[in-house]
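Notes follow the structure.
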Amino acid sequence: MSGKVFAEFSQDFSKNLGGTPQPLLQVEGLSKFYGARRGCADVSFDLWPGEVMGIVGESGSGKTTLLNCLAGHLAPDTGRVLFDTRANGMQDTVTMSEPERRMLGRTDWAFVHQHASDGLRMNVSAGGNVGERLMAVGARNYGDIRERAIDWLGRVEIAAERIDDRPTAFSGGMRQRLQIARNLVTGPRLVFMDEPTGGLDVSVQARLLDLLRGLVREMGLSAIIVTHDLAVVRLLADRLMVMKDGQVVETGLTDQVLDDPQHGYTQLLVSSVLQV
Amino acid sequence: MIQIENLSKTFTLHNQGSADIPVLTGASFSVAPGECVALTGPSGAGKSTLMRLIYGNYLAASGHIRIGHVDVAQAEPRQIIALRRETLGYVSQFLRVVPRVPTREVVAEPLLALGTPREEAIARADALLARLNLPERLWSLSPTTFSGGEQQRVNIARGFVHPYPALLLDEPTASLDAGNREVVLSLVEEAKARGAAIIGIFHDEAARDRLCDRQVDVGVFTPPRAA
Amino acid sequence: MTTQTAEATQSAYNFAYLDEQTKRMIRRAILKGLAVPGYQVPFASREMPMPYGWGTGGVQVSAATLTPEDCFKVIDQGADDTTNAVSIRKFFERTAQVETTTHTAEATVIQTRHRIPEEPLREDQVLVYQVPIPEPLRFLEPSEVETRKMHALEEYGLMHVKLYEDIARHGAISTAYAYPVKVEGRYVMDPSPIPKFDNPKLEMAAIQLFGAGREQRIYALPPYTQVVSLDFEDHPFDPSKAEHPCDLCGAEDSYLDEVITDDAGSRMFVCSDTDYCLARRDAGHEGAQGARG
């Protein structure tokens, strides 16, 4: 990896903000089976630049399987996942070589895990965690790396003086914010999130949601958020996809799906939420 | 600007014996730029349902809802989102925001979403909040704990901070005192004057008479109650 | 022990202890390592008559490298006379009956633990390193599957994270030994726990072979291979050593050991390479405490 690659995609970042006339991600007929059991079946959708899509459903509905197939963590059995790469336009990430896919994984894609400890290096300082993706794409100036790490810690509301502390010394909410900083520092275009607010206190959740909303807007990010929390998708997602038993039962504008659900399962899901 | 054509809506309750409840049928009317149209009819006639259909919040069963170049009844989610961001404003009776976000940010958000520079967006939000007489000490607080009247004014500020070419107003003057009611009425008049097409529900008859050029009786579109 | 029984014992061993099949297997790993400089080649490490951590990897590589005509030298942290060095030297004296020496220039095969001799090596020499942990990425990535993938795909950002952490915590890259290097612009390699002072010497005329017995890995540097120590633009690699000449021979260019000489905390700095120090003193050089030493 050379410094040149790094410089190139730093410049490219500005291009994200102007919309392109084609989808960023096109999913066609995606299926994943675990033996005879269906993980997810025949999922198709387009995600456009700047769009945030929520995937909801109960545990075991296949939403996490789908997310892992999209992010290249699992190999689907059938289907295509086309991503609009900076260099070569639409490419099927299922069939591309592993180096290319992993390169996407640390440049244009980001993955926010439910448990921050899965997405952070717990024995590395906060600054090192944020800097890793920069160094992975060729950054070799300690001062610059540190400056950008401090900038990002600030954006996720972590005090600069915590830069040399390890995440083990952080609260759950701080760890999750650090994970987000670590993921977004290289200016990705597509963020996958798996239950990003799961396991956090309600007050901490609100802060995180606000932060994510701001970052999505400022960076023009596209995102796919898997969650079972309908309040989270109402606040974050433009669009919703409802899954049941590995299949998509309903899609649409988030508030439309939640306020006027068409499918019986969605109606059940929405009416099961306790009103506060 | 807004054209409703043969619009109908039916709710199907799958978990209650798949009961079909038709609520609206054959609704047709249009609103020109600079025109304000009031939806009237008794409670339960479907005024709010119609508003929500126009905003894309409810899914139309059939018919067309044309706003500018977009048919909300058939548009992709991203087209509706773009429409809401640029063209179609909505002042609802309820405020739904992320907890802990300061009021001035809530009001400035539609501008930020359009890419307005932050300083300018905040300045315009502040100006509108001041005009609506919301005490300045509240601007940096989240509106979630505000009184009904205060929340209503935050909602109005949010709906008027960007000059939307089309506006939906759901009881914009409810729970406001005389002074603030007057501010809202003049905001609506200014919007009309700049050419916005407006559809509103007003229980406040005086406000309706002052603002609206025409009335559309939603009761006409109510389907006969099937047994 | 009579001469006769000693000879019987010696002839009971195959040359250099290991059987020919095993040596062939190890040589194949060595050749592959030389063909792909810096790449860790797995090999079927044998049980040796010494514990892991005592140089079982280096001993197997030496056994596969030695010929009856070779002259063998062993150093442990630069010294020829420590237990580990003496034991291994005797091991091969007994099992291979090769000539041994303490003089760097005379040796054709040199097995080392944690040092490179001060005297530049020649093209007809082989330097064999004992390696405890061959994987430079292991410190931060515990999964072998993952580190192998990282090597295969040249994903080395993590290596700089380690150096970053050093600077963040100590103000400078504090890694003083086992300092990671990049070989021929491709593989990141752990040069074994040699002091970073020795890193520049890794670009040399001799063949360098690295053996890790417990971890079952062999890797190699052919002569004149490009070896670059990793660093940051604003924190460049610095092969520093103690700012002091040798108290015995007065050398200012050699790597020094600090020796505490009494209970009052008196200390002296001496060359860690004992052969180099002796040769200098034999040639008449003298350090500050040379007379007493």
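When the chains are written out, they are named A, B and C in that same order, and each has its own residue count from 1.
We take it that contacts are C-beta pairs under 8 Å (C-beta built on N, C-alpha and C of every residue); 3 or more make two chains touch, one makes a residue touch a chain.
None of the values given here were measured: they were computed from a predicted structure.
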Chain of greatest Cα-centre distance to chain A: C
Per-chain CA centroid nearest to the all-protein CA mean: A
Chain A and chain B: spacing of chain centres that average the CA atoms, whole Å: 32
Inter-chain centre distance, chain A versus chain C - centres from mean C-alpha coordinates, in Å: 46
Length of the line joining the C-alpha centres of chain B and chain C, rounded to whole Å: 77
Sites on chain A touched by chain C in the complex: 1, 98-99, 102, 106, 121, 123-125, 127-128, 131-137, 140-143, 145-146, 163-164
Touching residues on chain B, where the partner in the complex is chain A: 11-15, 18, 52, 56-59, 77-78, 80-81, 96, 98-101, 112-113
Residues of chain C touching chain A in the complex: 140, 149, 153-158, 160-161, 164-165, 167-169, 232-235
Footprint of chain B on chain A - complex, ascending: 48, 51, 203, 206-207, 209-210, 213, 217, 234-235, 238-239, 252-256, 259-260, 262-264, 267-268, 271
